[in-house]
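Following this line, the structures themselves.
Both of the next two complexes hold subunit A, though its partner changes from subunit B to subunit C.
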Partner chain A sequence: MVLVKDRKLSFGERCYVKSIVAGLLYTFSNLFKRKVTRCYPEQKLAPGPSFHGVPVLVKDADGHPKCVACGLCEYVCPSRAIRIVATETERPIERMPKTFEINMLRCIECGYCEEACPEEAIVMSQQYELVASSRGEMRWDLNRLLTAEAALGPRLGYIRKTFHRFQADPRAEGTARAVPGKGGTGAGKPGASQASALARYRDGY
Partner chain B sequence: MAAESVDGGFAMTGPLAWLLKWARKNSLWPMPLGLSCCAIEMMATLGPRFDLSRFGMEVARFSPRQSDVMIVAGTVTWKMASVVRRIYDQMPNPKYVVSMGVCASSGGIYQNYAVLQGVDRIIPVDVYTMGCPPRPDTLINALLLVQKKIDEGTTHAHGNPQPAVVGLEAAT
Partner chain C sequence: MTSQTSTVPQGDLRTEVMTLNMGPQHPSTHGVLQVVLKLDGEVVIDLEPEIGYLHRGKEKHAEHMTYQQWFAMTDRLDYLSPLQNEICYAMAVEQLCGIEVPEKAQATRVVLAECMRLTAHLIYYACVALEIGAVTPYFLAFREREDLFDLLDELTGLRTNQEFVRFGGVKAEIPADLARRLKEWADRFPSCVDEYELLITGNRIWYDRARNIGVLNTAQALALGLTGPNLRATGCAHDLRKAEPYCGYEKYDFEIPVGTVGDVYDRYLVRMEEMRQSARIISQALAAMPAGEHIARDYRHVLPPKDRVYRSMEELIYQFKIVTDMRPPRGEVYQAIEAGKGELGMYVISDGGPRPYRVHVRAPSFANMIALKPICVGRLISDVVPIVGSIDFVMGECDR
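So, the complex of A and B:
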């Protein structure tokens, strides 16, 4: 057991004058520090390509959805926010969604739909500030979801890089990455281990 | 400044009504009903980075008697539902409700027997917010919409009927 004895305070300390002055000085010094507040409605966040906003559908050059209504996103969605009714079309893709509905009040922006999509038709946008007065307004239909491909450019580039999709030989791309690493393919090198982890990830799929 | 009796109370018109509206709009004191992870983003909103006090909303105390807008931040389970309702009842009129995040708005990812599928089953909600959790920006946007609705007089507290709440609706 340790007996803790309180130190006897001096008169100045008992008056708290020193502490009060120190506290006020700290407050005052903050007046001259860099301001951290971001004034939201005026200064908005500029999301990078890895940002997960709400998912939207990609519109091709003809204005049609790229979606083939396979239903993978509907299946993989953990909060079951997506509803698809499929129909046939004369276009080469043969299938398209008749209705495609995402309930933005269910969506948790996890990005599983984007990852599951084989057609690169549903991607995460950069919209993150949706509010509404009713639940119906947050239920987006096909027309509202369709977004021009050009507007989603950075994100599409990002997911192509991340998921190694739509490339002739993803394995070759992986080795090309490992070569300019920090010399050789030593086991302890971070570059090499990352490349092998990526290879294992791809093999797992 | 005419005053007439409506339901035992007084409805004010003219400059006084404008003044009341202006005062209410610019001093929305939140009741931070943090039920899960959304509460963390709510705390961030109150912090220096997003600084809710820019809008006169910094007085977030856990005291329903002194608050105007209830921020339901998080998953409302059936067990918590009666408590949420009681806190809402304790708030003085006029009162507004922001349903923050998908769990409070619709049940979100929790589609099961334990979770209320949207807090609007038990209290009238003025503004619904997306996100899991919503960014502080989104919450500020929601509170700005509350301000706008107060200005227009379209909140539930202004006598607008609560839209009919459907029963145990289908998945979405």
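So, the complex of A and C:
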């Protein structure tokens, strides 16, 4: 369980020669090995669906933002990068953002906005190169943020796979839905009450 | 302060103590640390680490953020092992709320924590060798670190500051394909450590610069509050993963390397062996990944599944409630884990509101920093640099 590490130098090592020759040989052998670096600006990275690029807003088929300006992303953002002004709309969703601004200088790309969003309206894109010549250009407005749903396909697929349901969802397995218990949201003590609360959660509300 | 007699002949030669500023921009100070040295010739007679150059008020931030939001800040404490900070904070709040973490989430956390120990120790190896003047190890360490970051990037979406741990578990499970490649990497990694050791372990230049330099015995180390590899290098086999197992560490077979002398060389040997052991743990944890869920089903603290949020009012309410107003019960908790640099502790006090009343971080880097003066005083100035490297701290965590 306990491993005592100790090391004395051998005679060859004490003469400097052995380890220096071994080190040099190893270093030179790397000349003939596979190159591990990438020439970045020429060879672009191809991020996978899990990649967190800059957050963007999803545009629906009619060109409207899916966002209903609930303000949850604005609230959850740890770096307070998001500013939303809401307005009303005649469309069935009733509310939409009048202005939606993400300050990309503040954004840390943590993805909490995406996780909090109840509408699948803000998602992390695969864009990772952020360059501007002024601070103002880094404040992306609604027009700049809106991205067609088709362009975000892999990420939306990832979200659906990751956040959509629990691994072993009893409903998915066809378990009969139990009678909903009385909803209790109070901060109870862990233990019996928690177990029953968990059971309620498992069986549906 | 020890009285080191000057070797300079007195008499008509006028000598005086010289004050020398090392840092805050010195390349060997691991961030922005200033060390004010008082020198008598080449001998250090006093030393004062000036910390605070990287103070960003992370603990104060916690009082103005929700519990969930502060995860983003924990990443930025010890930025060489962000996920360990997240795990520690999550465990503290989970204890406060009484959330039971599923086994699969715990095993995933073990994998992530050991990956972070590897990246932290790789940086240690890279820097400590560079400080002696060995440049090649730096590139070798970064080679493996990049490989590991590529894998973590694929899992978490971010290379560093991953924000992957959630209350009750982790954000996503490790996909089977990625788990296979990560296991392959972990199985291959010990041979890379052999390569690292080939370069400097038996090298007499490194040996002479490290052996019997910066010696600390167990009693001194304990008195200074040292933990982790620095304590184990003195021969004390204290490791929280064995002493107070968390996240199911008791299930894994690994050994605690300890040193014999407690010098720079022992700290190096211990960390190199820890890397091999960490790779073993990753391999075991991935091979025996339990079935089940990666996050607890706790309706009060864990966000509901998204597809239900879109359709059901009840889940929608919980989504809003948890994001904006998750309130752990009143109480306080201290949770410690074995991070790469020593015992990392999170002390969280809740007053029952949606924001922590106070969060304090017991940062191993800060305790390590305190040891700098007793180790260095009386030694030559050229030894200060390897000692600073060997006690391994990160200023982001030290200053917070």
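Here, the second predicted complex is superposed on the first by the 137 of 205 C-alpha atoms of A that agree within 3 Å, B and C clash if a C-alpha of one lies under 4 Å from a C-alpha of the other, contacts with A are read in each partner's own complex, and residues count from 1 in each chain.
The rule is simple: contacts are C-beta pairs under 8 Å (C-beta built on N, C-alpha and C of every residue); 3 or more make two chains touch, one makes a residue touch a chain.
Keep in mind the model is a prediction, meaning the values are calculated, not measured.
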Of the two partner chains, subunit B (first) and subunit C (second), which one does A:Ile108 touch, if any: first, second, both, or neither?
-> both
Touched partner set for A:Phe163, first subunit B, second subunit C, both or neither = second
Considering only the touch criterion stated at the top, classify A:Val36 as touching first (subunit B), second (subunit C), both, or neither.
-> both
Name the contact category of A:Ala61: first (subunit B only), second (subunit C only), both, or neither.
-> neither
Which of the two partners, first being subunit B and second being subunit C, lies in contact with A:Ala46: first, second, both, or neither?
-> neither
First (subunit B), second (subunit C), both or neither: which does A:Val76 touch?
-> second
Which one hits more subunit A residues, subunit B or subunit C?
-> C
May I ask you to decide whether A:Glu13 touches subunit B, subunit C, both, or neither, giving the answer as first, second, both or neither?
-> second
Both subunit B and subunit C touch subunit A; at which residues?
-> 36, 78-79, 108-110
If you look only at subunit A, which of its residues touch subunit C in the complex?
-> 1-7, 9-10, 13-16, 18-20, 22-23, 26-27, 36, 48, 50-52, 70, 72, 75-79, 108-112, 115-116, 118-120, 124, 159-160, 162-169, 183, 185, 187, 189-191, 194, 197-198, 200-202, 205
Which bits of subunit A are touching subunit B when the two form their complex?
-> 36-41, 44-45, 54, 78-81, 83, 101, 103-110, 128-135, 138-139
Residues of subunit B that touch subunit A when the two form their complex = 48-51, 54, 102, 105-109, 111, 118, 120, 126-132, 134-138, 140-142, 144-145, 149, 154, 163, 171-172
Which positions of subunit C touch subunit A when the two form their complex?
-> 65-66, 68-73, 97-99, 136, 143, 146, 153-158, 161, 163, 171-173, 195, 198-205, 207, 235, 237, 242, 255-260, 265-266, 269-270, 273, 292-295, 297-300, 303, 305-310, 312, 314, 316, 319-321, 323-324, 327-329, 352
